[in-house]
Every structure is written in structure tokens, then in C-alpha cells.
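Each of the next two complexes has subunit A plus one more chain, namely subunit B in the first and subunit C in the second.
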Partner chain A sequence: MLKYIIKRALWVIPTLLGVLIILFSLTYLMPGDPASAMLGPRATPELVAELNQRLHLDRAMPVRLGYYLLGVAKGDLGTSVWSGHKVSSLLAEALPHTALLALTSLGVAALIGILLGAFAAVRRDSPIGGGVTIASLLGVAVPDFVAALLLMLLFCVQIPILPALGAGAAGDPIDIAVHLILPATALGIGWVGYLARLTRESMLDVLDADYIRTARAFAIPRRAIAYRYALKNAVIPSITVIGLGVGKLLGGAVFVEIIFSRPGIGKLIVDAVYARDFPVVQGGILVATILFVLANLAADISYAFVDPRIQYD
Partner chain B sequence: MKTDTINQAEVGMSPAQLVLKRKWTDTLRVTLRAVVKVKGGLWGGIFISIMLICAIGAQWISPSDPNAQDIMHRFAGPSLDHFFGTDYLGRDIFSRIIYGCRIAVMVAFGAVTLSSIVGVFLGVVSGYNEGKKIDYFIIWLFDIVRSFPQIILALAIVAVLGPSLFNVVIALAFTAFPFYGRVARAQTLSVKEADYVKAAEAMGLKPLKIISRHITPNIMAPVIVCLGMDMATMIVWESGLSFLGLGVRPPTASWGIMLRNGYKYIQTSPWMILWPALAIALAMIAFSLFSEGLRVALDPKERER
Partner chain C sequence: MSEPLLEVSNLTLDYNLGNRKMRALDRISFTLDKGQVLGVAGESGCGKSTLGLAILRLLPRVAEIRRGEVLFNGANLLKLSEEQMEQEIRGQKITMIFQVPQNALNPVFKIETQMTDILRVQDKYQNPGSRKRRKDFRQQAIERLELTGIADPQARVSNYPFEFSGGMKQRVMIGMALSSGTSLLLADEATTALDVTIEAQINRLITRLAAEYGTSILYVTHNLGVLSEMADRIMIMYAGRIFEMGETQNVFGSPRHPYSAALLESLPSRQSKGKRLLSIPGFVPPLDRLPSGCSFHPRCAFAEEMCRQKVPPLTEVADGHWSACLLDQKRGRQKWQWT
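Coming up: the complex of A and B.
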């Protein structure tokens, strides 16, 4: 297993190298001269020349790629064309907001979803199973940005009880929590139903397994069998899905942050896209991608730990 | 399973087994028939058909021109003149929803077609040359593109190319092709050991011919299942990108653009958000019911439960 983990972890390096090359080549896809495109129609030739030099845009392609990779390796993601701030510090400022939003919504959704799914499987003939299926269908049906808009319409406009915009005053936990309710719900609501259904299905499989029957023959309490013996194996598919879902979560965070006007990586990227501030777009996407890659790695490795039956070569 | 298209030897086989046995067009027909029998699959199919009809016949179905402005009657609620009300320029929302079907279907169909063609081609080439350099290169390529959070990559591509219908299709297709590629590669690995492929090799057929004539037609069934499921995702992303102003350009009627306009007037005019949100939700329910039916129909274990 150790060999598998090392191999899997090392594979991240060429993948991230490829990611950097793609991010770098995106600048070449920009129509026209990137410097004047970034500076807008009112740029003077001097400004364009200066930016060209600062971003090494006047050099040959391989040289530029070299500069770019070297910079990223040193943790230097360039400076914002728009504000002049360092991209890395802009990202460091935005990241905690996105992390709070994503972790809250995923954590709560996973807890509720998995327990609900397990419960629905244990009481397999009760209407809860059907309820879980319908809930998961609705969760899939309403994409996060539509959910965000509908929640905003309902709880900020029709029944104005929750704040619509911003992340709350820094240092005031209650204000921050109140501002988190709607965005986190919008982002996590689809996951509850999805994870519930996934857990219910795999739990139904597991409950039919021989070792569960053996446990039952040993007169171990029903509840202990279900939640200590069966759930541990039934939760495996959810782990993979959550790992893959981090990408979806980050994508959803883009919309939720825009709609609720919350600071964060997603808002940073989209605002930079509007402003044609390419270094910020590049840096933001790079950080989001690294997070996604690491989440997948963690999911794969934990998968190997949770289910020792899986063999790797 | 009782259908007239199945010959004696195949009676009692599950659709999943038929997938391995028959030509893919037959498989598709048998599968569709099985899907419709699954509870929900039929409803999904009906909703999708309605959506397709709206997309194709938008100009005959919609009561008025989706871009005709009527400034005197802007922000109107639902009435007999305007079933769903009017938007901030007095345009008929009902007509715009129907025209929005067309954009949604066009983008989704274009994106899944493009990405599946590219993905299947690369996947088959990679699977057929298993263990060779080109295989590793293609896997690497797939893994790179899959490393990006999909919608963020699409956003970046549209941002660079500039927002337009065509560029949205390109961007969405680019983010999705590795998924088809991996399905195609895995299928190819099992199909290429089959006797008919070995026979074709022994006859000295060129690799490209083997790939196009003998392998690709036999791996299409699972790819088509993916196509169906992916359509829904693409519809959501098209509206998502349009919502951000990075998709289809206004005044084109797209559900995403309608949501974007609705967001601006959320305080005063809830109809402008509700209808497109409902349209997206219905499309999603339809596609997930349908693909759920597809999954059940292809999984014999599920049918017993």
C-alpha cells in the first residue's frame, strides 16, 4: 500500500506541471496583444511597454514559460495589473473566506447526509427511503447558483430575516455565522441529498453482507451493528465522492460568492476576469486547482486506508 | 424482458449483456425501451421531449417575439397576455423561456458532441496502445485537464477567448473530454482482447482502421450513457456562465441571462428569477430521472431491488 501511496503522490508533480503549462498558454489565446488587452483602450504606448517588460511579455515563449515556472516555484504569482497588489497576498486574504464557506457547507452536509442515508437504509421499509430519493433528486435538480438566488429571494427579500450581502464584520463570530447561513446552505443543500442516497445504497449492500449476519448471530445490538460495523464500510463511496466534489464545491463557491457578494477566491477570480487582470485569474485558478488536486490525493489515500481489501499494484 | 427486436438466443438477457452483444443502435433502442419502463424514466423522457420540441419549434410555439420590447408594460406579473409576466424591458418571459430551451439544448448538445468525439478518439488510441508512450502521454493530458475544477477552467477559457455561444461550447467541451476519454479507454482495454479484433489484426488491417471499424462501434454504449448524464451538467454550466456575463451574449434569450437580469431586480420583481430557475430545475429533474432510469435499466442488480 505504501508503494501505491508514494506512486500516487508523485504523480501529482507532472500533473501540476501540466496545469501550469495550460495556465501559461492561456495568455497566448488572448486575442491581440495581452498587455494592451489588460490595460484597456486608454493605455499609452509607454504603459504597454512597461507592462510588457514587467511581465516578460516581450521575450520568447520558452523564456517566458521559464520565468513563470521559476516565479511560481518561488511562491511569486506576479502582481495585479489593476491594483498593483501582490497576487499571493490577495489570495492569502481571500482563501480563509472560501475555506470557511466550503468546509462549513461540506461538513454539515456530509454529517446530515450520511446519517440520514444510514438511517434510511436501516429502516428500509419506512417512507424515509423514498424521502431520501426525492430529496436527492431535488438537490441535484437545483444547481447551487439557482439555490443561492432562490434562498436570497426567499430569506432576504420576501421574508427579510437574514443578511443578503457580505461576509459579516471581521472579529464578530455571531455576525459571521449569520452571514454564513444562506451561502453555506446554497452550497451544501445538493450534497445532503446526494450523500444520503449514496450512503443509503451502499449501506443496503453492506447490511446484506455475511459479516453483518455473523454479528447479528453473536447478538450484538442492532444499533451497534448498523452504526459501528456497517456504516464504516458504507461510507467509502462517499469519501471518494467528497474528494471529487471539492472541485464542484470550489466551482459552486464562485457563484455563491458572487451572488452573496462575499470575499473569497471565486469572487477574486471573477472580478479579475471582468477587469482583465490576468495574473490574478491565473493565480486564483492555480490555487483552486492545487486545492482540488490535494483533495483528490487525500481521498485516494484515505480510500486505501479505509478499505484494506483494495489491492494496488 | 419481452420485445420484438430481440431474437431467441437473447431472450432473458439483461440490457447490460445485450450491450456486449449487439450493434450499438440496437442496444440504444432496447435500452431506451427499458428506461421508459423504469418508474421516473418515462417522466424524464417526456420532459426531455418537451424541451426538445420547444428548442426546435421555438418560433412556432412562443406567443411573441422574445426580444420585442414593450416599455409600457415592464415588470408585469403573470397575466393572460404574458403568461409568465414581463422583464425589465417589457419582454415576454414565457417566450424567452421557450427560446432559452434552444440555447440550452444547442450549447449542451454541441459541447457533449464535441467533447465526446475528442475524448473517445483519444481514449481509444490510448487504450489500444496500452503501455506505450502515447498511452502515458494521453493519460497525462487527461489528468491535467481533470485537475482543474471544471467550471473554473471553463470560466478561464471563456474569459480569454471572449464570451460568445461558440466559445462557451468550446470551453465546456474542453473541460469534459477527459471523462469520455477515460470511459473509452477502459472499454477499449476490454474490447481489444476480443477475437474479432485479433482477427482484424491477423488480417493485417491498419491500426486506424481497427480503431474506427472494430473498436469504436463496440464501446459506444457506455459513452452514450455518459452523454445523457452530461447534457444536464452542460445546461447548468451554460446558464451559470451566462449568469456571470461570461456566456451567451444578451439580448439572446438564455436562462442564465434571464437569471442575471432577475438578480438585478430581485427586490422588486421576483418573477424574473422564479421562471428561469424553475426551467433549469425542471430540465435537471428530467435529465436526472432519465439517467437514473438508464442506470437502473443497465444494472441487473438494481432491477431486483
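Coming up: the complex of A and C.
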């Protein structure tokens, strides 16, 4: 088991290295000279020269790649061209907001979606099953940002009971939680539907399995059969989907953060793109990638916990 | 005098698949005495497995019992509520072991968990108010595994099913299914998926434990050879009907139905040494397109015109020996010789 986890974790390194190289080469995709692109048309040659030197843009490409990787390894992601703050501290400030939003919405969505799907499968003849299917189709069909706008209209404008903007006062858990409700719902609602449908399908398969018949033949209580014996088998596909879906979730978080004006990674990246603040864009994408890779790692590991048949070695 | 444990009469069951209706069991009547082994044999698709599932009322949703009764210790199981089935019958007095042990155990739970869950349910219904702990059930599970001949049960109980071979899994199933409280064991092709050598071991285990606990067995198989060793009585089924039923030595010694005779001739034996074994021409008809008259007539080497028209009733042709063939009278004592 431990061997499997370590082996799986080591695979993170080449993945991240690949991403770093791609991020690095993005500087070459910017039209024209990166420094003047970042500084805008009114930059003086002195400023451009200074920036070129600071970012090692005047050196040969392999050297620059070396500098870049070395910097990342030391935790130095450069400084914001715009504000002069260190990129790492900007990210450290933004990350908790995004992490909280993503974890809350995904966690709650997974819990509700999986239980709803299981319930719909167990009651396959009742209208609940059909209801779940329709509701989940709706949830899947409505994009995050549309859901965000609709929720905002409904709960901030029509019935103003929830705050529309910001992440809440730091250090006030209740205020933070209240500010989290709408963004997390907007981001997670599609997942509820998706996971409910996925779980319902795999649950229907599992409920017909021989080992479920065995459990019934031995009078295991029906609720235990459904929510223990069957669900543990039926939840396996959902784990994969959640792991792979974190990328999509982070993408959705960008929109939601912008709409609700939450100071997270997504908003940071988008603002940096508008401002051509290239080090911040690079750093932000790097952090987003790390989140994605870690989520996949977590999914693979939890896979092994749920399904003992996974090869550990 | 022997006491009946299970009396099935006129059990008739349909599978409703869309607009197709398949009669999987047609007026099945038989008796199983306490402590006896009744072997049910026939080719695939004869309704053998359906019979076991119908007794425990574990049928798929498309199945519908049309008529008949299943008396167990005098009580009609078909009239019991689901709760009564769970509290008194399933896993308590009547247990079942299944065809493919590879699929019959839950792949993501330890053997210990699956066994203790079952033991806990049995304990709950059999000794209400018992204060057994997790540890006690674990110990009981280990004892059951030991009884079924699993080496090192202390360690093995913590394994997952995928760490067991097919034969070992079937041993685990037997450990779950057989205890002193079991009156009736339904074995549905319990050894079909296993190697021949393992098959013999498992069958010996079943017979030994059942004899010890006084458990009756309804042993469903398509392997007649197995039945010759374990069954007291034999029931031959074809396309949802009973074709022949009687004491094992009578059915094997002087089969009264041409189908039984053909099944026996298709078995390798001392007499058949060096000869080509019989293969019955054709195959079991789909249950929604049964031939008219005797459903076996298109494949029967002895069929006459009347077999095409009349459904043969199951008749007692000798003391305790029943057969459903129109030609029996005419044939007299002459044997059904296929080859």
C-alpha cells in the first residue's frame, strides 16, 4: 500500500516538470518582446532593459529555463510587474480562498450527489428516480457562471438575504461561511447532478450483482445492502470522475470568483492576464496545476482504499 | 418414517419479458424429507436455478409466481411477508450457495466483515437480546472457516475475496450457509465453476456438514455424475417441467423417461469405455416457444405422432418413481437405448 502511494506520488514530479517547461515557453508565445509587451507601449527603453535584466530575458533560452526552474525550486516565483509584490505571497494570499471554495463545493456536491444517486437507484420505480435524472440533467446543462448569475439575482437582488461580493471578513468564520454559500452552490450544483447520475447508473448495475443476491439470501437488512454493500462498489467510478474533474472545477472557480469578486487564484490570474503581469500568470497557473495534480493523486490513493483489488505494487 | 421438510405443489412461474411470457416452472410438485438430499438435474435453461430462487423468494423482478405453494415445515413460504422471510427463513432455516463463487462474495469487503454481518443477523433473530460483541462474531467466523477446511483461518479471515481461489470462496460460502440451525440448503450449481478435483472436495464437504447438522439439501446441477454419489432422490427437469423423479438408484438403474436415459448415456462410464458418448441432438427450446405436446419430442429418438399432440402428465410408474412420457405404458420394461 505504502509502496503504491510513494510510486504514485513520484509520478507527480515529471508531470510538474512538463508543466513548468510549457509555462516557461509561454513567454515566447507573447507577441513581440516580452518586456515591452508587459510594460505596455509607453515604457522607456531603460525600463525595458531593466526588466529584461531582472527577468533574465537578455540571456540564452536554456540559461533562462535554468534560472526559472531554480527559482521555482527555491519557492521564488518572481515579483509582480504591476504591484511589485512577490508572486509567492500574492498566491499565498489568494490560495486559501480558492481552496476553500473548491473543497467546499466539491465536498458537499459529492456527498449530496452520491447519496442522491444511490437513493434514486434503490427507489428505481418511484418518481424520485426520474426526478433525480431530470434535476441532474438541468444541473449539468447549466454552466457555472450562469448558475452564479442566477443565484446572485435570486438571493442578492430579489430576496436579498445573502452577500453578493467578497469572501467575508478574515478571521470571522460565520461571515466567511455566509459568503461561501452562493459561490459554492454555483460551482457545485452541476457536480451534484453529474455525480448523482453516474452513481445511479453504476448503482443499478451493482444492485443486480450476484453478491447482492447473496446478501439478500442471508437476510442482511436492506438498508445495509444498499448503502454499504452496494454503494461502496458503486462509488468507484465517481472517485475517478472527481479526481479528473478538479481541473474543470478550477476553471469554473475562475468565473465564479470573478462574478462574486472573491480574491482567489482564478481572479488573480484573470486580473494578471488583463494587466499583462506575466510572472503572476505563470505562478497562478503553476499553483492551479499543482492543485490539479494533487487532486488526481488523492483520487488514485482513495481508489486503492475503496477497492482492495487495485494492484499496490 | 421420514418426515417431509419441503413440499412444493403445482408451483408455476412465468418470466414476463416485455410481451414475451416464458413459463420457467410448470406445475412443479415434489417433496423433500428431513435430512435427505434431492438432486435436481437437467440441461441449462430448464428452470433448475429458478426453483431455488423461488423457494427463497429471491426471484428477479420480471418473475411472477402464478400458482402453487411451497410448504416449509407446513407453512407456505409464498404467503409469508418479506419481514417474516428475513426473520425466520433467509439465512436462518434456509440458506443458499450460488453457482459462481467468484461473484457471490462482495469484492470490496473483507471476508471477516461479510461473515460477521451474516452471523450478527442470524444471532439477532435466533437469540433476541443476545449481547455478543464484534470479537465474538469474529471468533465465530474463524470457527466456521476452520470447519470448512480453510487453512490458517485466523489470518485468512482478514483477507479480501480476491485473495481466495474459487474453491476457497465456495468454502467460505459454505461456512456462511451451513450451521446447526440450517434446515435446508439450496445449492445452485455450487461446484459447476470449479475444477473437477475441487468439485469432489467441495461436494464431500457439503455432504459431511449437512449430515452433521441434519440439513436437507436441494442440490441443483447439470452434472448427473455428481448426483449419483450424493443424492437420495433425483428429479430430472426439462423446459420447466419435471420429466422424471425417483430414488437415485432407480433413476440411474432403470430410467423411465427417454430424456433421463439420454442424459445417463451421455455420461462416461465403465460400459461406455471405448465408445462414442451420446450427444442429444438439438438444444433446449426457448421457454416462450415450446414445441406442442411433449416439449422434448423434436429431440427424442423415440417420438411418435401422439407425442406431438398430447402433453404427457407426470405419472407414478412404479412405487415412488414418477415419469412423464406417453410411451411408458407401451414400452413396458424395455430400456430406452439411444445408441
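Here is the rule we use: the second predicted complex is superposed on the first by the 299 of 313 C-alpha atoms of A that agree within 3 Å, B and C clash if a C-alpha of one lies under 4 Å from a C-alpha of the other, contacts with A are read in each partner's own complex, and residues count from 1 in each chain.
Operating definition for what follows: contacts are C-beta pairs under 8 Å (C-beta built on N, C-alpha and C of every residue); 3 or more make two chains touch, one makes a residue touch a chain.
Please read these numbers as outputs of a predicted model, since none were measured by experiment.
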Practice task
Give one word, clash or fit, describing how subunit B and subunit C relate on subunit A after superposing.
Solution key: fit
Fill in the blank from the handout: Chosen between subunit B and subunit C, the partner touching more subunit A residues is B
Exercise for the section: Classify the contacts of A:Gly18 with the two partner chains as first (subunit B alone), second (subunit C alone), both, or neither. Expected result: first
Exercise for the section: Using the superposition on chain A described above, determine whether A:Ile285 touches subunit B (first), subunit C (second), both, or neither. Expected result: first
Practice task
Please indicate which partner A:Leu111 is in contact with in the superposed arrangement: first for subunit B, second for subunit C, both, or neither.
Solution key: neither
Practice task
State whether A:Ala9 touches subunit B only (first), subunit C only (second), both chains, or neither.
Solution key: neither
Exercise for the section: Calculate the angle at subunit A, using C-alpha centres, between the directions toward subunit B and subunit C; round to the nearest 10 degrees. Expected result: 80
Practice task
Go through the superposed model and pick first if A:Leu150 touches only subunit B, second if only subunit C, both, or neither.
Solution key: first
Practice task
Check whether A:Lys248 is in contact with subunit B, with subunit C, with both or with neither, and answer first, second, both or neither.
Solution key: first
Problem - Touched partner set for A:Arg213, first subunit B, second subunit C, both or neither - result: second
Exercise for the section: Report for A:Ala224: first if it touches subunit B alone, second if subunit C alone, otherwise both or neither. Expected result: second
Practice task
Return first, second, both or neither, reflecting whether A:Ile269 touches subunit B, subunit C, both chains, or no partner chain.
Solution key: first
Handout entry: Distance of closest approach, subunit C and subunit B, by C-alpha atoms in Å
Key = 11
Problem - Partner subunit A, residues of subunit C touching it in the complex - result: 56, 58, 85-87, 89-92, 95-96, 98, 100, 103-109, 117-118, 121, 125, 160, 162, 173, 176
Exercise for the section: Could you please specify the touching residues of subunit A with respect to subunit C in the complex? Expected result: 209-211, 213-221, 224, 229, 232-233, 306-309
Exercise for the section: Sort out for me which residues of subunit B touch subunit A in the complex. Expected result: 140-141, 143-145, 147-153, 155-157, 159-162, 236, 239-240, 243-246, 259, 262-263, 266-267, 270, 273-274, 277, 280-282, 284-285, 288-289, 292, 305
Completion exercise
As the complex stands, subunit A meets subunit B at residues 11, 14-16, 18-19, 22-23, 26-27, 29-31, 137-138, 140-143, 145-146, 149-150, 152-153, 157-158, 204, 246-248, 250-251, 254-255, 258-259, 266, 269-270, 273-274, 281, 285, 288-289, 292-293, 296
